Amino acid sequence: MCTCAMYHTKDHYFGRNLDLEFSYQESVTITPRNFPIPFRQEGSMNNHYALIGMAFVCGGFPLYYDATNEFGLSMAGLNFPGNGYFFKPESDGKDNISPFEFIPWILGQCKNLNEARALLDKIRLVDIPFSKELPITPLHWMIGDQSGSIVVESVRDGLHIYDNPVGVMTNNPTFDKQLFRLNDYRGVSAGPSENTFAKGLDLDPYSRGMGGIGLPGDLSSGSRFVKVAFTKMNSISNDDEDSSVSQFFHILGSVEQQRGCCDLGDGKYEITIYSSCCNMDRGIYYYRTYDNSQISAVDMHHEDLDGRDLVSYTLVTKQQINQIN
Amino acid sequence: MCTCAMYHTKDHYFGRNLDLEFSYQESVTITPRNFPIPFRQEGSMNNHYALIGMAFVCGGFPLYYDATNEFGLSMAGLNFPGNGYFFKPESDGKDNISPFEFIPWILGQCKNLNEARALLDKIRLVDIPFSKELPITPLHWMIGDQSGSIVVESVRDGLHIYDNPVGVMTNNPTFDKQLFRLNDYRGVSAGPSENTFAKGLDLDPYSRGMGGIGLPGDLSSGSRFVKVAFTKMNSISNDDEDSSVSQFFHILGSVEQQRGCCDLGDGKYEITIYSSCCNMDRGIYYYRTYDNSQISAVDMHHEDLDGRDLVSYTLVTKQQINQIN
Amino acid sequence: MCTCAMYHTKDHYFGRNLDLEFSYQESVTITPRNFPIPFRQEGSMNNHYALIGMAFVCGGFPLYYDATNEFGLSMAGLNFPGNGYFFKPESDGKDNISPFEFIPWILGQCKNLNEARALLDKIRLVDIPFSKELPITPLHWMIGDQSGSIVVESVRDGLHIYDNPVGVMTNNPTFDKQLFRLNDYRGVSAGPSENTFAKGLDLDPYSRGMGGIGLPGDLSSGSRFVKVAFTKMNSISNDDEDSSVSQFFHILGSVEQQRGCCDLGDGKYEITIYSSCCNMDRGIYYYRTYDNSQISAVDMHHEDLDGRDLVSYTLVTKQQINQIN
Amino acid sequence: MCTCAMYHTKDHYFGRNLDLEFSYQESVTITPRNFPIPFRQEGSMNNHYALIGMAFVCGGFPLYYDATNEFGLSMAGLNFPGNGYFFKPESDGKDNISPFEFIPWILGQCKNLNEARALLDKIRLVDIPFSKELPITPLHWMIGDQSGSIVVESVRDGLHIYDNPVGVMTNNPTFDKQLFRLNDYRGVSAGPSENTFAKGLDLDPYSRGMGGIGLPGDLSSGSRFVKVAFTKMNSISNDDEDSSVSQFFHILGSVEQQRGCCDLGDGKYEITIYSSCCNMDRGIYYYRTYDNSQISAVDMHHEDLDGRDLVSYTLVTKQQINQIN
């Protein structure tokens, strides 16, 4: 379904896989500071922080899947079927924000997680769809800044905010269950395991990598969570931009969905439509698509961030092969 | 350690991951038809089929890791520690071939698997190292043509040739054990599983991809075999070149080794140094490296295949980012 | 640590494994109707339903591990370390009951689950230890009658009562997480699995029982929960008393702890000290111990249930071998 | 299907689970020294060592499932479907022995494994059925004495004899594959695991027994092999007879088959029909049946071992409950 991850070397990186069986016409979209953002219940926000991220721009509104603002605060919405629950708006002083407005609401106003937490204290996520054609999707969100990340889940019994010690998120089940599940994997390791099966029995470590035996390799959200947490938490790279970005895409690659391996029936297959990696400190949004493994990059600071108009770059989805001879 | 795979749509593709903690200076190397290949025990082969593949050229000799010849016959050598065993040369009419000579010996003379099988009938793999600095490495090989593939393993009790119904190979254990292990996974699926746990108990398929639960996700050779077999056997793509090549790299990506996740100690980590995909029908060799996710391509037919000199293209290992703005 | 289970044929059965590294001097203990039960905060209960179960009788008080009353209502307390949490007594109209009083409190007054639920509505489990030598143990409870079962967990955020569709319980984590985990096993089966790995690949069901591949076999509480749920939910037996009791002990046997396999260090090993099975309808308490595999039986209706004194039968722990010749 | 195990404290123990969906009328049968054993191709053996074990006596011939002779040499035949292969008799000096004759052939003549190995050097296992009604069953065998055990497998490419470092055996696949599979479990342990998942991530060992996570719990022969090897190799007990026998039955209990959990279709279920444990040093044969958990014992030295007639004791299959009150 989807995977989100953070990683840092000397800079900080935030990104995600979007796993679906179809694609809207999403594009890398910069929302400059003076683009007016109309909220359904909370009026229009005419001045705000600038954003870069992946969005489906619909009727002039940037429906962000994931984005980073000019201070590095980053946020991604991931599918949360059966769990995500949104409420009726009420006039009780809380901010009534629809899921599709949530990313600009937070990233438009907050410099960091502390400020985001303050806004989350008085938010109500409400069940207002963007349009008849685009009904409410059950989502949950990971929000990160340079200091760490949290997970926000609006479920039937209210809004839950979880600290995220692993800096990754997938989909179901709820984040407390996902985190708890990691306990069952405390004995796996990136290095070789000790032979602890039984005294006096010589067992052969016949392959490198056997310390990780037990890690799951299927594409369910529970298994992807364990796998990507392991990959991210054990990742090593140099701290320059190229090395860091490269490692980030390898982290996401560890839970990529290959066409055919998640069969939805009727000839439909869920695949990793795009993978993204945003340098939170520098506002550069990198991405790859299923059929174009070359990394493309869009730099928010190469645009006029004081503008009033969205800037969108259509994705380069065709394979860009470097013909050597 | 390493993974090899084949895939076909309307064309046929053969490639591999090279997983190591260091890199020789391998390059994409074309051996034209008239490059003299000196064999240690079997004289020099002065005319042969042309080859393209990844090689470490040492003292003028192309030490191929994997290669494809002009008819599509393809071959890769993968690490086989503790199992690969090579014999003393004998003068009994058999062909005494060293592991480092094996790929040019077969690909230089055979158009297809049938011809390769005939040569294998009279081969002895011998323990002659390339040089003092490059001692014998225990290897086994996958050989494929447009009709299928076989695995060749020289172990203490002799040479074994296995049909390969899944078209993938990793490392240990021996191929019969690897294939047998797949039986334990016959119940996993790309589609959703039926609820068969118990009558009368409603269990929730809370995520897509749960039919695959049970597939291993660690980096050991046994687990990579199961995972890549599943990915390859369930792969779906269009049959044009871009789609096919893209899907091939996704197959290999499913068992990629991320830096940090296979810790060898002393600050060394095994990673997927390169991934390759050769169009067997057209002689185009595609590759990516750990730090350059763009695909590069070398076409053997753009070279003079009747030449006498090796042609080598240094790998493009630096990330090639497509700067959009 | 411990496992509790229910099973029914034409009669109903409730029992448990007690898994510990040491034993108190527990005995099968009948509490007749007129034995006065002193509660620390709620006065003395001088008339109540009769109970049979396993108890450590300390200072004249039956500290029940598990028990059944004369109507069949049954209850067992199992270890719940790190999760079980008990509160300060308060004078707010709620019943302040200590964990060690909980079983007689419920079974002494309730004929069935409905009546138990009514009492649970106004209960507070409080942190009053039995004595200095017997401090509070973190426990949670399974309560069952002929209609089904519930789980009662007092944790930091209060008392949780869960319906229990599988009729088994172990220890950590909390019951909602345990139940959720079963979803991951929906594809395993008592019968053979279909070959769904991949089209066109013949995989051999080389053994009976392969449909269950994926079921865990270690002794952790999470794994025992899955294994015993599977065993219980798939259990088949005749409905006479001997067959039913036999099958019940096989259910508990599936998650038994063998000496040596759960090593606590310092030469201590957790083992299944006893397994019990109470016919809820007839008040017969069957048990086995680790070193005596013969089943012993105590029938509550063979005692004077209108008495005022506890009746205790020391466990038969020595192996009773039937010498044939 | 079946499991065989050995265990020793100060005495030595050999036994097995018989897992089937039906029962012949097997009985504990002593074959005294002068009972003439007719072999189909090798004449009659009129004087031999005495045997005790479980046999189906058919037409006066003891068809042993498992047995121990007066020196302690022990042997069990277990199902080996698809692998067991037996040859045509030939007149080449080899001993042509049918599977149903194999146990008396070895145990009748050999004091220990060394002597058994000598006989195995010149044996051919032949495809002569006992009768039309009892065709050849594919079997393999574990043979043990006080020094250790071996496995004997007659397959298409001949007879294989394997040293058995774990002293357990189940069914398919061949024993070399079974043993190799244990390597994948070298990281599991009876004690708690170290937290090696990732640096800086605190993971909670929320249950005892978590070091064993990864051990399989289904009833397939491959999984039972791993589970019983782990249980046996980690077993701890006192060394007196009661404690040793008790622990032995717990070892076999770890891979017991519960009715309903191995569903063969048509209302048939494979169950553990009996479990046996023979004190190899003293010739006492202990057993339990699915529906009688009390241990029964038959002592070969309580019979006239110089007799000429089989002595058989019908199994006690009815539950023997110790009624306490």
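We call the chains A, B, C and D, going by the order they appear; numbering starts again at 1 in every chain.
Please note the rule applied: a residue touches a chain if its C-beta (ideal position, glycine included) is under 8 Å from a C-beta of that chain, and two chains touch if they have at least 3 such contacts.
Predicted model only: the values in this text are computed from it and were never measured.
Participant: Using the contact definition given at the top, which chains are in touch with both chain A and chain B?
Facilitator: Joint contacts, listed by label: C, D.
Participant: Please identify each chain that touches chain B as well as chain D.
Facilitator: A, C
Participant: Compared with chain C, which chain's mean CA position is the farthest off?
Facilitator: Looking at centroid distances, B is the chain farthest away.
Participant: Round to the nearest whole Å and give the separation of the Cα centres of chain B and chain C.
Facilitator: 55
Participant: Between chain C and chain D, what is the separation of their C-alpha centroids in Å?
Facilitator: About 34 Å, centre to centre.
Participant: Using Cα averages as centroids, what's the distance between chain A and chain C in whole Å?
Facilitator: Centre-to-centre distance between chain A and chain C: 43 Å.
Participant: At least two other chains touched by the same residue of chain A: list those residues.
Facilitator: In chain A, the residues touching two or more other chains are 173, 184, 188-191, 204, 206, 210-211, 213-214, 220, 222, 230, 234.
Participant: Please name which positions on chain D make contact with chain C in the complex.
Facilitator: Going through chain D, the ones touching chain C are 1, 28, 81-82, 171-173, 188-191, 204, 206-224, 226-227, 230-231, 234-237, 242-243, 245-247, 249-251, 253-254, 256-265, 269-270, 286, 288, 290-299, 302-303, 313, 316, 318-325.
Participant: Mind listing the chain A positions that touch chain D in their complex?
Facilitator: My answer: residues 165-166, 182-191, 193-206, 210-211, 213-214, 229-230, 233-234.
Participant: Spell out the part of chain C that touches chain A in their complex, as residue ranges.
Facilitator: The touching residues are 173, 177, 180, 184, 220, 222.
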